[in-house]
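In the part that follows, the structures are each spelled out as structure tokens.
Note that chain A is present in both complexes that follow, paired respectively with chain B and with chain C.
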Partner chain A sequence: MSDEFILEVKNLKKYFLAGRPALFSRTEQYVHAVDDVDLQLRRGEVIALVGESGCGKSTLALTLMGLENATEGSIFFEGRDITHLTDRERKSTRQRIQMVFQDPYESLNPTQTIEEIVTEPLVVHGLAGDHGERQAHVVRALEDAGLKPAEEYMHRFPHQLSGGQRQRVVIASALVLEPHLLLADEPVSMLDVSIRAEIINLLADLRESRGISVIFITHDLGTVGYFADRVAVMYLGRIVEIGSMREVLTDPKHPYAQALLSVIPVPNPRLRRKRMILQGETPNPIELPVGCRFHPRCPVAMNICKESDPRLLPISETHRAACLLLAK
Partner chain B sequence: MKRYRYLLKKVSWSAFTILFVLILNFFLFRVLPGDPVKAGTHDPRFKKENQEAMRVRFGLDKPVINCFETLNPIKVGDCWINPFETQFFIYIRNLVQGELGISYHTNGPVADILVERLWNTLLLIGAGQILSIIVGILFGLFAAWKARTVIDYSALITGLVTWSLPTFWLGIILLFWGSGHGFPIGGRITPGTSSYPLSYQIADIAKHMVLPTLTYTIVYMGEYLLVMRSSLMDVLSEDYILTAKAKGLSTFQILKDHALKNAMLPIVTIIAINLGFTVAGAIQIEAVFSWPGLGGAVYEALERRDYPVLQGVFLLIAVSVVIANLIADLMYSYLDPRVQTE
Partner chain C sequence: MAVQTAELKPSVPSSPLTGFWREFRKNRMGVVGLVMLVLIVIVAIFAPALAPYDPETSEGITSRDIYNPPSTDHWFGTDDAGKDVLSSFIYGSRVSLIVGFFAAFISIVIGGVIGIVAGYYGGRLENILMRFTDTMLVIPDLPLIVVIVALTKPSLLNIIFVIGLLGWTTTARVVRSQTLAVKSRKFVLRARAIGAGTRHIILHHILPLVLPLLVVNAILVISLAILNESTLSFLGLGDPTATSWGQMLNFAFGRGAMSAGAWWALVVPGFGIVWVVLGLTLLGHGLEQILNPRLESHHLMPGRPTVQTEAVDVTGKRSDVPVLLDVRNLSIHYVGDGQVAKAVHNVSFQLHEGELLGLVGESGCGKTTLMMALMRLLPAAGQIASGSIRFGGWDLATLKEDEMAEIRWKGISIIFQGAMNALNPVRTVGDQIAEAINKHMPGLPHGVVNARVLELLDLVGIAAEHKDHYPHQYSGGMRQRAMIAMALSCDPQVVIADEPTTALDVMIQAQILELLDDLRKKLGLAIIFVTHDLGVVAEMCDSVLVMYGGMTAEYASVDSIYNAPRHPYTQELLKAFPDLSKPEKRLTSIPGYPPKLNALPDGCRFAPRCPLAFERCVTEMPRLHELNGGHIVGCHLVEEKS
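Right after this comes the complex of A and B.
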């Protein structure tokens, strides 16, 4: 394991049992929520994970967090294999990987005050000994998350805050543990458009000031904008294109990535691309198409696409895509 | 500040409800047919002057309220009489003095009858309630914790079956079984033991309580079990539980610090309301086991058309239900911070 990477994911799979096709059938069906994902993340790097609803982004994040058990593959975090750990073994890792959930209206316990919410992780991990020291940590985390002055918010309950403020509390309660890696699962999708930029700026600042690595999950490429270093595009449980932000945003190679990008509104009309609207529904992740999993919806599908399942092929040093067009 | 306003609002609503019940309760029994005097007029030995004396004793010679002599049948009377001389005013005045009238049947004060019966009911039904709450909640917790396992499904089925068991039927089955195993088959004490030492009497009452309490617990724990189970399962699927796990809390800490308090919210209401009805006793159980409680009193009073007793019991039940609801609201506002500001 090299020190260069804070997180290395190899051939990670997460299948959910979906029952049987018929009542007395022998075979069992699985949802292929995450299906063979490779990912490497450098220290201090921000990677945006993009893909439409149901492609397995949240499942990937939950599996990385150890909140779901991986079906196959391995996860190395700071050089340690964390794929299968007991709750006790995982505790120290929990402190260093934190997660921000999608819905700030659901992810805060309604019966706790903001102070209790942010203090709890410190207590659980036995950090910051006495009461005064703990409180100082909490105040700092709240203010770093943009809730200033912290005293004004500490004694409130979640329902007394706006959605944006709640999400800041969620971020603060992740930050108190001084994590090295933050998984943000669509942290702004439930918020008003006007607040989204603020929260994203906040995450960008935190990354600057604390050097935290971030996996930023979104279904909307427009929201990552300038913040991410790299972009990974996910389709039906697999990463189909990954590269530096500039490479993927300006020169996407996978037809699915091209389609995703074509529908982002661009301020400059001369740069406006032809909109590519994908045909058909997302195939269900229970019965994946044979061959390339994108071929039934692909506007440029070839015959071979129905047979051969492409791996990520290099385009440049940093840019890779899983499309058979590139193999020619 | 908001909290006080909330309290004030709830308390005044309760007071208003009780006042309404007081008034309704009075008219309800004036509208119902029959009075103790009429019940006896078929008997030729019941002399006219005795009938009149009885009317006077129960205050039935006075008009119900201004303008109405009686309400069943409606007999319009003088509107310009002294309102303090009407049944309605006397009823209110007696209530204020803690008097609930005189029983048609025993001729004794209703309040005395109710107090004695109330203690018996509180003893039996209270024990049954507390047991069914404890057993139901514990099983519900365990089922939710082991969700979708054999344990969970067995608990679920047990809950559904016991909840739908007919009380009367279960009581009789247990009575049959118990009488073969040395349990007394009814009543509260063994007759003729009132001079025995206190410890003997306590043990005697406890023995008499076993079967009815068991019946009560079995029939009523199902509701608590099912509600607790589904409530905890709801809470455990919330994002903040996942968040807590991600923060490194152990399963036990999550249950204790996050899940239980939130899952208890719906239970608190049910407990409070059921405890309110405890006072009403359980007519069926008290009937099967000849337990001299309030439920039994209602049953007997209904048979004898003993309106003053019924009126007193109704009042007692209504007041305790209203108070139980008030307590539920107050507990709720303590447990759930969202309540105070909404």
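Right after this comes the complex of A and C.
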């Protein structure tokens, strides 16, 4: 394992048992939530994981966190294999990987004060023994998350804060453990557009000031610009395109990435353009389409797409996409 | 000179407990129950001081004292042994309450533990525990208690244990279902992500949220335990050494109180039981009303406030197409606790035939309130204070409710925010659309309605075979389409779409927007599109109304809004929006938060967050200015510059 990478994911699969097609059927059906994902993340790097609901991006995050058990494959974190650890063994890793959840209205316990919420991780991990030291950590985390001065907020309850402030509390409670990797699962999708920038800028600043690596999960390609170094587009449990932010946003190769990009609203009525709106919705990940998984919705599908399942093909040193058009 | 950004009020620590007490004081039933209970507890505690006689001694009692009617010596007469009924009643309250509280304590602990463990761990353990609970629940309590107590020595301690050990089943079931609900909430997942163990999660995250329910349940379990004890004593299975109300009834009943006409010997202990149980029930009901928000009631404020707002007639004329909906100087107030909150102030706009108007602003800026006023669906505390809403020759602001009912859906219909979750899960989607048609056009033959449902589904892009499917078989996007079909069911001229794509994925969002745009062209609909997303507005709207703090910030054609915005709020909103053509550009956000309705600034409502604010903005509310081409701006800067 090279030291360059903080996280290396190899052939990761996560299947959920979906039951049997009939009561006495011998075959079992599986939801292929994450199906053979490879991913490498450098120290201090921000990667955006983009896809619609059901593409497996949240399951991937939960599996990385150890909140779901991987079906196959391996996850290396800071050189250590963390794929199958017991809760006890995982505890030290947990401290280094933290997660920010989507819904700041649901992810805070309404009966705890902000101080209790941010102190909790320290208590759970038995860190920062005496009260003064603990408080200092909490104040620092809150202020780093932009809740200044921290004393203003510590004694409040979540319902007394706005959505953006709550999301900052969630981020503070992740920061208090001084993690090396932050998994942000749709951290802004529930917030007003005017507040989204604030949270994204906050995450960007944390990367600058603390050198934290970030996996930023979103369904909206529009929010990943400026902030992400690389972008990975997921469809039905697989990464279908990965490359630097510039490569994916300005020159996407996979038709799915192209479509996702084309539907992002452009805030200028003079630039209204033809959008590539895919019809239908992501098929269910139980019975996957044969051949390329995207072919039933693909506007440029060829006959061969119904038979052959493309792997990621290199376009440049950093840019790869899984489309048979590129193989020609 | 810039005004400092939104000042934060010093944090006021208000614990949920003080908030709870404030709510509780307002609940008449709960307070009455609590007072009844406290009184009887005081009586029990101070029994030796309150009782005129000692019920344990029979000194000086002769056969002439038996069943004496109420007199000055014995206020409630005497019983079969010539003892003072009042004194026995007072001492009896001790036994009833002790049995009630201790037995309930045992029940609550057992039920709570079983409920939480079953709910949290799930799987086989849950199965075993809950089947055991079900079995216990099916066995009739009272006969079992009677049998067990009859077999063991009838002492107070035995009675407490038997009642306690058999009374936990309902608690276990209630606690389990609440635990299941809490367990699935995101903060529990977050606690696991932090690395918290099971014990920590149960103690810090599950228990605090189960506790309110447990308290309500405990109150009911106490009253059941008291009733059970009384029944046991009445059947002669009570502790013979302890006088309880049940035992008083037993003695009076068994020793000829009825034939002697000594009603007091029966009525007094009976009254005690009713008093305690009633007190507990009222208290339990009161607590439940506060702790279970589903039962919460709206408090209506009678009367309409007479508030005059300065009328400024600026709507701007931008089109020669006939006007469908003409809103002028509309102000909406929320009235509650003697305060008036000016939620919407002096908003005017015009919606032309076939126009798509975007209504933009952050959460809490009055968008939804304004739309609810158009539909006349404001909550009880909300009132249209002034202004008019002209639609097809009527003024909707003053229309009577039954006339308004005619216009709703047939004239103006609405797709509510998050409406896709509002479908009834046990009825097919086709059925629910048919219901909407029948409700507004009663008497249509079944075949016509059916054909109309199919037509509507086709219109919104749902295949006919999905008509008889249930909502859970629909995806989020399809459900939203079904809601649009429902809104179109009575051929409205105006459709209000309140954040119809929030919470949907980008691709589905694009599909829904395309659909709305198609429908507008096909049916000539006028649409008011409410959103906080400026990008969506730029993609499809003709004109845009930007609202801030319940007021018009800017109202203009979509081109002016994006390419020549004049209000600082519009400018800031645009900067906050990611521009894909410049992905390297750092996003800016507007510091601070929209004003609260109960703390609106005196001057311009945007001043505390405005980067360009100057003295005048803090003291004086800006007027609406009309620029060329019907471009309306509510900002002092327009005046300064011209």
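We take it that the second predicted complex is superposed on the first by the 319 of 328 C-alpha atoms of A that agree within 3 Å, B and C clash if a C-alpha of one lies under 4 Å from a C-alpha of the other, contacts with A are read in each partner's own complex, and residues count from 1 in each chain.
Assume contacts are C-beta pairs under 8 Å (C-beta built on N, C-alpha and C of every residue); 3 or more make two chains touch, one makes a residue touch a chain.
None of these values were measured; they are calculated from a predicted model.
Superposition of the two structures on chain A shows chain C clashing with chain B.
Contacts of A:Pro121 after superposition on the shared chain: both chain B and chain C are touched. By the touch criterion defined above, A:His219 reaches chain C but does not reach chain B.
In the superposition on chain A, A:Leu67 makes contact with both chain B and chain C.
After overlaying the two complexes on the shared chain, residue contacts for A:Leu261 are found with chain C alone; chain B is out of touch. Of the two partner chains placed by superposition, chain B and chain C are both touched by A:Met99. When the two complexes are superposed, the chain touching more residues of chain A, out of chain B and chain C, is C.
In the overlay built on the shared chain, the residue A:Ser53 is in contact with chain C alone; chain B does not reach it.
The superposed model puts chain C in the path of chain B at one of 60-68, 78-86 or 114-122, which is 114-122. For the contact definition in use here, the residues of chain A common to its chain B contact set and its chain C contact set are 65, 67, 87, 90-91, 94-95, 98-99, 101, 103, 106-111, 113, 120-121, 124-125, 157, 160, 170, 173, 177. The residues of chain C lying in touch with chain A in their complex are 8, 10-11, 13-14, 16, 185-187, 189-197, 200, 204-205, 208-209, 362-363, 475-477, 505-511, 514, 532-536, 538-539, 541, 558-559, 562-563, 572-574, 576-590, 593. By the touch criterion given at the top, residues 62, 65, 67, 87, 90-91, 94-95, 98-99, 101, 103, 106-111, 113, 120-121, 124-125, 157, 159-160, 170, 173, 177 of chain A touch chain B in their complex.
Residues 238-240, 242-251, 253, 257-258, 261-262, 335-338, 341 of chain B touch chain A in their complex.
Residues of chain A that touch chain C in their complex: 52-53, 65, 67, 87, 90-91, 94-95, 98-99, 101-103, 106-113, 120-121, 123-125, 151-157, 160, 162-164, 170, 173, 177, 192-198, 200-201, 204, 219-223, 225-226, 245-246, 249-250, 259-261, 263-272, 275, 277-279, 281.
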